[in-house]
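Okay, structure first, notes after.
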C-alpha cells in the first residue's frame, strides 16, 4: 500500500472499509430512521456509561505523561469535560431512554464484551504508548461520530430521544471540536518518520474496528454468555 | 451469592459456568479426539505467538511494580521463562503444525479480535491495578490449561502434534507450576478484605471469559471483518 | 517503636524530628519575621513553578488509577485546581516577588537538586504504588504548610509579599482543605494491615524529608554545581 | 550552544563539567590510590544494593514498554543480568568490605538522600518517558564507570577489595558491554529530531549529576538528618 499517512485524512483512507463500515452501520442508520429498538439504544448508552470512566482514565494517563505545560493543560481540560459534562449528559440520556424502554437488559450495568475490548485496548495504549499513540487511538471515536451524524441528520425521522442525540453530533460546535483535535494530531503526525506513521495508522485502524464492535454490541445487546443467561 | 472467595478454589467456583465452559470447550475436546482441523490449531498457535509477547509485558509490569526483592526475582524468572522458553516452544509448534497445514489463514500473523481483547485487558490490569490484580488476571489461563489437559489426556487419540501439546499441559511438572502459582496467590488473597476479594474474583471471572473467546477464535479462525475479507 | 500508625496523626508522630524540622525551619520562620531574603523567596517560588506541573502529573496518575467514579472525580477536581488555580497563583507570586528582587538567580528556571529529588520521588510513587501510596506521599506538603503558617501567622511582621502568602496557608479555608484530605486518608489507612501502614508511614516520612530539602534549597538558592557556576 | 547532539559522544560533550566531574571524583580517585576509607566504600556498596533493585524495576518498565520482540528480549536479558548477577555480586562485595570495615554506618540499609533522588529520577523517567528516554537516563552510569576505571587502573595501588572492583570496570568485557549499549543508543538517537535530541541530552546530563551525588554521598556517608542522628 502506498498511502503516505501524512495526515488524519490519510489515516482514514488507510483504514478503508473499517472506517466506511462505521458510516453505514445499521445502528446509527436505524437510529436516524427512528427504527432502532429503544432497548438497543438503552443498552448502548448503559455501556457508554461504563466506557466513559475508562476513557477518562486514558486521558488522565495522557495528562500524566504530557511533555509540557500546554499538553498538561489540554489533557486536563479534556478530562474535566468527560467527567463533568459527558458522563452527566449520558446519565440524562439513559434516564430519557429508560422512560421509553423501562425494562433493563440483564447485565447492562456491567461491561459487555465490546466494552471490555475497547476500553482495555485504550488503556493498553495509554500504558505502553506515547501521548501521540493515545491521540491516534481516541480519534476514530470522536471523528466518526461527527461524520456519521452529519451524513444522517438531514433525512432523519423525528424521535423523542434520538433526534437530540443526532443533532448534538451533527452540530457545528461538535465539528469544531473534532477539527481542532484533528489539527493537533496532524501537526504531530507530520513530525513522525515512516515507521511512526505506520504504527499510528495501525492504531487508528484498530480504533475503527473497535468502534464498529461497540455499535454492533449495542444493536444486538450482546453480553458474555454467562451473563446473558 | 455467598461464596467466601477466600481461595483460588472459591474464585473458580464463583466463576461458575465461565470456568466450566473452558473444560468442555469444543477446541480442546476435538484436539484430544484428534478431530480438530489443523488449520484451526495453526491459527490458534499463530495468535498465541502474538499473545505471548504482550503477556511478557504484563509480567514485566508486575516485576517493575513488585513490592520487594522476592517479588522482583519471581517475576523476572517468569519473564525469562516466557521470552526464552514459551515463545520459542510456540514457534516450534507453529512450524510443526504448518508442516501439516501449510496454508496460512489470512491475517494469522496480526492480532485477531479475541487476541486484541485478551492482551489489552491484561495490559489494562497491569497499567491500573496491583500486582495481585495481575496475578488474578493471569491465573485462569495457566490453571485451566492444566485442568483441561488432565481431563482429556487419558482418552486422547494419537496425533502428530496434538499429543505432545496435551502431554505437556497434563504433566506433573506443569501441575507443579500451577500449584505454586495458586499457593502464592492464595496466600495474598487471604490478606485481602471482602471488597478486595470481590474485585479479584471479578478479574478472575473476566480472565475465564477471555480464555473462552480465545479458544472460540481459534476454532472458527475468526478475524476482523476487514482482514477476513 | 510502638506507634500504632492508625491515623495521619500517628504518621506525623512516627515522622518525629523530620516533621518537627518543618515547623521550625529557618525559611518559613524568617519569612514570618520578614527577614527572609527576597532572592531566596524568588528562587523558592521559581522552583515551586517547576514542582507544580510534576505534582499535577502525579495527581493525573492517581486519577488514571482510581478505583471508582468517586476517586476519578476527586482526583480530576484536584488536578484542575493545580493547573487552573495553583500554577497561575504561583506565577503571580513570582511576578510580585520579582518586582522586589528583579535579579534572577542563575538556573532558577530549571529544576534544582531538591526539586528533581522531590518531584521524581512523587512520580516514582505514582508509577509503582497505589493511589493510597500517592495520598501518603502528598500529605506532608499540604498539611505542613497549614501547620507552619498557623504557628507563625500571629506574630508575623508585615511584608509586601510574604504576608499574603502566610495568610493564605493560615486561613480557615486552607485548614478545611487539609482536614478533608486527612479525613479521606485516615479512612483508607484504617483499612490497611500493619505492613501496609508501615509502608505508608515510611512514605509519609520521606515526604517530610523532601519538604525540608525543598525549604533548604530555597533558603540557600542551591543548584547543581555545573549550573551554579 | 551548538553541539549537534547526534551521538552519545556529543551528549557527553554537552554534559561538559558534569561528566568531567565523574572522571576526577575524589571517591574513585582515592579508591584507586587505596586511600578511600573502607567505611565509605561499605556505605557506597550498601547504598548500591538499594539502588540496584530500583534500577531493575526501571529496566522492567523498559521491557514492558518495548516496541517489539527484539527490545523485549534485550531488556529481559538486562533485567536478568541485574537480578541474577549484579545484585549477588554486590552482596559478595558488601561481605568482602564488611570483613575489613565491620562496623555498619547508621542507616546504611535504608535509602540515603542521593539514592532516593537517583532511583526516583530513573523511575520517574520510566513512568513518563519513552524507552529511549530510559536508555539516555541509564547510560551515564554504565559508561562513566568504564571510563573512570580505565583512567585509574594503570596506576592503581593494591587493595584487598578495591583492586578487583577496579579491574572489573576496566576490563575489555565491560568495555564491550558499554560499547554495545552506546551503539544501540546512537542508532536510535540518530532518528530523533532536534527537540528529541535536546531532551535526551538533558536526561543524560541529569544522569551525570546524580552519579556525582551518589559518589559524594558514599564518600561522606551522607544520610537524612533524622537518620544520621
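Annotations
For reference, chains read A, B, C and D in written order, and residue numbers begin at 1 within each chain.
Everything that follows uses one rule, which is that a contact is a pair of C-beta atoms (placed from the backbone, for glycine too) under 8 Å apart; a residue touches a chain by one contact, two chains touch by 3 or more.
All values reported here derive from a predicted model rather than from experimental measurement.
Identification of common neighbours of subunit A and subunit D yields B, C. Chain centres were defined as the mean of their Cα atoms; on that basis the chain farthest from subunit C turns out to be B. Centre-to-centre, using mean CA coordinates, subunit B is 45 Å away from subunit C. A separation of 38 Å divides the Cα centre of subunit A from that of subunit C. Measuring from the averaged C-alpha position of subunit A to that of subunit B gives a distance of 30 Å.
Touching of two or more other chains is recorded for residues 57, 61, 64-65, 126-128 of subunit A. Every residue of subunit D that touches subunit A in the complex is listed here, in rising order: 64-65, 127-130, 191, 193. Of all residues in subunit A, only 53, 56-58, 60-61, 63-66, 69, 72-73, 75-76, 79-80, 83-84, 87, 126 touch subunit C in the complex they form.
Across the complex, subunit B is touched by residues 16-18, 21, 54, 57, 61, 113, 116-117, 119-121, 123-124, 126-128, 205-206, 209-210, 212-213, 224-226 of subunit A.
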